[in-house]
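What follows is a set of structures to go through.
Consider the two complexes below, in which subunit A is the common component and subunit B and subunit C are the respective partners.
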Partner chain A sequence: MDILIYGLVNSFIYVLMAAGFTLVYGVSRLPNFAHGALYVLTGFLVWTFVNSAGLNYFVSILITVVIVALLGAFLYRFVLMRVRGMPVSEIIVSFAVALIILEGLRLQGIGGFKGFIGSSYTLPTFIDRTVSIAGVVIDAQRLLIVGIGLAIVIFMWIFTRRQKIGLAFRGMAQDEHAAMMLGIDSDLMAVLALAVGSSLAAIAAVAIYPLGQVTAETGYHVLNAALAVCIVGGLGSWMGAILASFIFGYATTFASFMGAAKYQDVILFGLIVLVLIIRPSGLFGRQKELEERV
Partner chain B sequence: MKRPVVLLIVVLVLTSSLIIVFGGGCGENKEEALVIGITVGRAAVYGQNSELSAILAAEEINNAGGVNIGGKSYPIKLEIVDTRDEEPGVPTSDVLLTVEKLLLEKKVDAVTGGPSMSECSMALLDLYAKHKVPNIVASGTWTPAWSKKVGEDLEKYKYSFRLSGHVGYWASDAAAILDQIKEKFNFDKLYVSSSDAAHTVAAAKAIKELAVERGWQVVGEETHPMGSTDYAALMRDCTNSGAQVLFWWDCKPEVGIGIKQWHDMQVPAILFGFLNPLDEATAWTSMDGKVVSAIQFNGEGGCLPDSNLTPITKDFFDAFVAKYDDEPRGCGNVPTYTALYALKEAFEKAGSRDADKVVAALEEMEMVTTGGLLKFDPTNHQALYGTDPDEALVGQWLQWQDGKRVCIYPPTAALAEIELPPWMQ
Partner chain C sequence: MLEVKNIMLFYENAIAVNNFSFTAKAGKITGIFGSNSAGKSSLMWTLSGIILDMRKKEIMRGGERITVLGEIIYEGANIIDMKPSDRARKGIVLCPERRRIFPESSVMENLRIGGYLANAAQARKTLSYVFEIFPKLKDLRHRNGGFLSGGEQQMLAIGRALMAQPKVLLLDEPLLGLSPAMEQRLGQAIKSINKEIGVTIVVSEQYARPLFPIIDYGYIIENGAAVLEGTAEELMNNPDVKEAYFGI
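Up next, the complex of A and B:
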C-alpha cells in the first residue's frame, strides 16, 4: 500500500516537472533547457514576495506565475526565435539562459544582494496536516500534488480539444507545415507555448517546493527529470510523458521501499537506456519512425 | 568604417590599462598592507560563512590599529577569490588555477578560508608548498586524510595548517552523545542513514562502528541518492525497525524534505546527525517548527546563542549579529574568524613577513579564541579539538528546543539536557 500511494505521489511529481517541457517541445519543437531555471526562479520570486514584500501567499503565487509566463514568452520572442530550426543552437542558448538565471540567483555583492544560498528558503504548505490512508501516513501537501497534477492533465486534455488555441497547439504538434497552410502563425503559437509551458513550470514549483527547501541546485534536477520523462515518453508526446512519469515514479518508489534507495538513479537511467533500445523514439514518439519512412 | 573600430580598440586598451593601474590589479603596493588571500566557494554556505567572518575579523583588527610587524602597523587587506569548489561541474583543476592566480598576482602574505571540498584542499597542499605561502584551512575539509598527508611529509607541507576540525573528532562527539542518550533514556537501538557520497557514507560507517562498540544495536541502515525528494521509505523502515535513534548524515539542502517527513510521520526515534537545513538559525520558522528536538552538529564551536566557551565567544556572536543582522551558521564562520586573528598574532610574533618565521610562530601558538584554546598538533599542523574549551578547540552540538538552537554538547558548554521529540514523551 505504501508503494501504491507514494508511487502515485512521486509519479505526479514527475508529471508536474515535465508537463511544461513536453508542451513546449510538442508545439514548437524547441527543447527549452531553461525549464528548470524557471521552476527555481518561481520558488525564489514567491519567497521574496511573501517574505520581503509582505504580500499574501496566494497573491504572490498568482503574480509569479504571470511573471514567469511572460518571461517564457520573452525568452522565445527575443532569444529562441533567432535560433529556431538550429537544434544545437536552441539547446546552447536555452541552457545559457538557464545558467544565467540559476547562477545569477546565487551571485553575491551586486547592490548588496546576498545571493540565495543556504537552506533557509522555504514556501509554506497549503495545508499543514497529515492523513492516514489505509494505514499509510501521508502529508496533505503530497495529496495536493496529486490533485494539482490531475487537474493539469485534465485541463490540458480539454484545452487541446475544445479551445481554439489548444486545437492550434495540436495542429502544430501534428504537422507544423500543414498547420501554417491553414493560417496558424507558427511564431505566435511558439510564444504562447513557451508562456503556457513556463507557467506550468511555475505551478509545479509552487506545488512541490513546500515539501522542502528552495535551492538553485533544484533547477538541474528538474531539467534532468523533465528530459528523462520526455525522452522515454517520446519527445513532445503528452500521453508518453504521463506514462513515463508513472514508470519513473513507481520504479523509484519501489526501489526505495524495497531497500534499494541508493540504486534509484541506476534504475532511472537504466530504464531510459532500455526503452530507447526497444523503441528509439520513446514510448509514444514518432521521430525515428518518420525518419525511417522518409 | 575602419577608423571607428581602431578608435574603439584604442579606447578599450586605454580604459583597461587605467583600470589595472588604478584599480589595484597589479600595481598594489604590498608594503602598505598585510595582504591575506581568502579563498571561498561563494555559491555554497560554507564559503559564504568564511567570507562574512573574514571581513568581520579584518575590520575589527584594522579598527584596533592593524597588525604590528616589527614596530610598524599594517592594515589587513583581504583579497577574496571565489574558488567555486562546491558548484556543479567545477573540476579541482579550476580551483587550483584560481588559487595559483591569487598567489602569483596578488602576492598574498598568507591565505585562509576554503576551499571546503576536501579533494581541493588536499590538491592545494602541493601548490602552497611550491610557493611557500603560509595558509590555514578554515572551512570544511573534514577529511582525516588532510592531516595524514601533511604529517607524512611535514617538511614539505610545513606552510599548511588546518583550523577546521575533521570527521574523527565529530564521530567521537557523536559517540559520546549516544552514551548520554543511552544513559538517560535507556535506549540502545540505532538506525543509520546517509546520502550516497563518499564522505557521508564514511561518517555514517564510523558512527555505526563506534555505536556498536558502545553496546548499541544497529537495527537498520540505508543509503539514498544525494538530493532525494522522498524519504517515506526511510521513515517507514526506521519506524518498523524499532529504532529509538535515527542517526542521519546528509549534506544536501533537499534533506529538509526528510526532516519534515520525520516530523509529519512522527517517527518514534530521536533525529540526530548532520543535516544541512538544521544548521540555519532560521530553521524553526522556515520549517514551521518541524525541527523540534532534532539534534544537529553545529560545526566548530562558537556559533550558538548564549554560548560562553571562552570570554570572547559572545563578543564574536554579538559582533556578527550586529554587522549582518543574522546569527552565524555553524561551519566555517568561527575557524575563519579565528584564522585571521591567528595570522595577526603569528606575523606580530615573527616580527617580519618571512614565511618560515610565520610558520614557526603558528607552530608555537597557544591562543584563547572564540571556540576554545587554539594549539596546532606539531606533527601534522591540525588544530587540536577536544571537549574542554580551556584545553582545546571544541565542536558544538545543538538541539532545537522551544524555537531555539540550544547547545547540548560538549558537557562543558551544554546549556540544556537532551529532550525527546514531543510524540515520544
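Up next, the complex of A and C:
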C-alpha cells in the first residue's frame, strides 16, 4: 500500500518534471536543455520574492511563472532560433544557457551577492499538515503534487484538442510543412511552445521544491529525469511520457522501499538503455524514417 | 490573380524548374501537366513558399544548396521571399502531394487544424460546406487520419485546405494513386468547389484525362520548362499531347 501511494506521488513528480520538455520537443523538435535551469531559477526567484522582497507566497509564484514563461520565449527568439535545424548546436546552446543560469546562481562576490549555496533555501509548503489514506500517512504537499500533475495532464489534453493554438501545436508536431501550408507559423509556435513549456517547468518547481531544498544541483537532476522520461516514452509523445513517468515513479519507489534508494539513477539510466535496446524509438515513439521508406 | 514570372529553381546545380512563367486567372482552374520529375511539385513548393523553409533547413544542415529565382506577383506585390505561413494568410494555400494528412488526429481535428486562419463563423460555414461536398467525411469524422483510404485522405486534404479560407488553392497531384471512379468524383468535386466558392485553382497532375474536362487553361511542363500551353481544347487537339498524355 505504501508503495502504491508513494509510487503514485513519485510518478506525478516525473510527469511534472518532464511535461514542459516533452511539449517543447513535440511541437518544435527542440531539445530544451535549459529546462532544468528554468526549474531551479523558479525556485530561487520565488524564494527571493518571498524572503527579500517580502511578497505574498502566491503572488510571488504567479510573478515567477510569468517571468519564466517570458524567459522561455526569449530563449527561443534570441538564442535557439538562430541555430534551429542544427541538432548538435541546439543542445550545446541550450545547455550553455542552462550552465549560465545554474552556475550564475552559485556565483559569489559580485556586488556583495553571496550566491545561492547551502541548505538554507527552502520553499514553504502550501498546506502544512498530514493526511492518512488507507492507513498510509502522507503530507498534503505530496497529495497536492498528484493534484497539480493531474490538472496539468487534463489541461494539456483539453488545450491541444479544443483551443486553436493547441490544435496548431498538434499540427506542427505531426507534420511541420503541412501545418505551414495552412498558415501556421513555425517560429511563432516554437516561441509559444517554449513559453508554455517553461511555465510548466516553473509550476513543477513550485509544486515539488517544498519537499526538499532549492539547490542548483537539482537542475541537472530534473534535466536527467526529463530526458529519461522522454527517451523511454518516445520523444515528443504525451502518452509515452506519462507512461514512462509511471514506470520510473514506481521503479524508484520500489527501489527505495527495498533499501536501495541510492541506486535511483542506476535504475533511471538502466531503463533508458533497456528501452533503447528493445524499442529504439521509445515506447510510444514514431519510427518516422521507417515509415517514409515504405 | 497569380502571375508567375521566370521561376528558376536549382537543387545544387541541377535545374528543377526552368524559366517557368504562367498566369492563374481569377476564378479559373489552371492545369499543369507533366510526367514524374518534370518539376510540378518543385513548382508548387515555390508557389506556396515551402521551398524557402526547405532551403533554410538545408542551409542549417549543411546540405543541398537550393536557389530560387524569379517573381511571383500576387495582389500587386512580389511574394517570392514571403514565408509560407504569411502566404497562406494572404490566401495561397497548398494541398500537398501525397496528402500529408495529420495521421494521429481525427478527421474533425484535421479540419479544425486547417481552420487555424479562419474565424469562428468562417470555420463553421466552411465545415458544413466540406461535409456537403464530401458527405463521407462526416461519417468518418471521429476516425484517425492515418486510418483513412487514399481517396478519403485526399478528400480530407482538400477539405482541410479549404478550411484555411484560400483565395488561390494549389492542388499538387490530387488524384495520385486513386481509382478511376474516385478520380472522376474528385474531378467533379474540384470543379464544384471552383464554381461554388469562386476560388482560383492551380492543379498539377500526371495524367491529363480525368482533369481535362474541368480545367480552363493548361500548361505542359517537361524538364522544368513549359513546352505547351492553351485551353483544354487546344491542348487536347495537339497530336503530341494526345500521344503523351492520352495514350492515343
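By definition in this document, the second predicted complex is superposed on the first by the 287 of 294 C-alpha atoms of A that agree within 3 Å, B and C clash if a C-alpha of one lies under 4 Å from a C-alpha of the other, contacts with A are read in each partner's own complex, and residues count from 1 in each chain.
As a working rule, a residue touches a chain if its C-beta (ideal position, glycine included) is under 8 Å from a C-beta of that chain, and two chains touch if they have at least 3 such contacts.
These figures come from a predicted structure and were not determined experimentally.
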Please indicate which partner A:I110 is in contact with in the superposed arrangement: first for subunit B, second for subunit C, both, or neither. neither
One more residue to check, A:A179. First (subunit B), second (subunit C), both or neither? second
After superposition on the shared chain, which partner residues are touched by A:M1: those of subunit B (first), subunit C (second), both, or neither? neither
Touching partner for A:D128 - first (subunit B), second (subunit C), both, neither: first
Between subunit B and subunit C, which one contacts more residues of subunit A in the superposed model? B
Name the contact category of A:G259: first (subunit B only), second (subunit C only), both, or neither. first
Who does A:T218 touch here: subunit B (first), subunit C (second), both, or neither? first
Listed in rising order, the residues of subunit B that touch subunit A in the complex are 42-45, 48, 87-88, 196, 222-225, 227-230, 232-234, 236-237, 252-257, 260-261, 264-266, 276-277, 279-283, 286-288, 329
Subunit C - residues contacting subunit A, complex: 48-50, 53, 56-57, 59-61, 83-86, 88-89, 93-96, 100-105, 109, 112-117, 160-161, 163-164
Note which residues of subunit A are touching subunit B in the complex, please. 2, 6, 9-10, 13, 103, 106, 108, 115, 117-122, 124-125, 128, 130, 137-139, 208, 211-213, 215-218, 220-221, 252-253, 256-257, 259, 261-262, 264-265
Quick one: which bits of subunit A touch subunit C in the complex? Just the residue numbers, please. 83-86, 161, 164, 167-168, 170-171, 174-186, 188
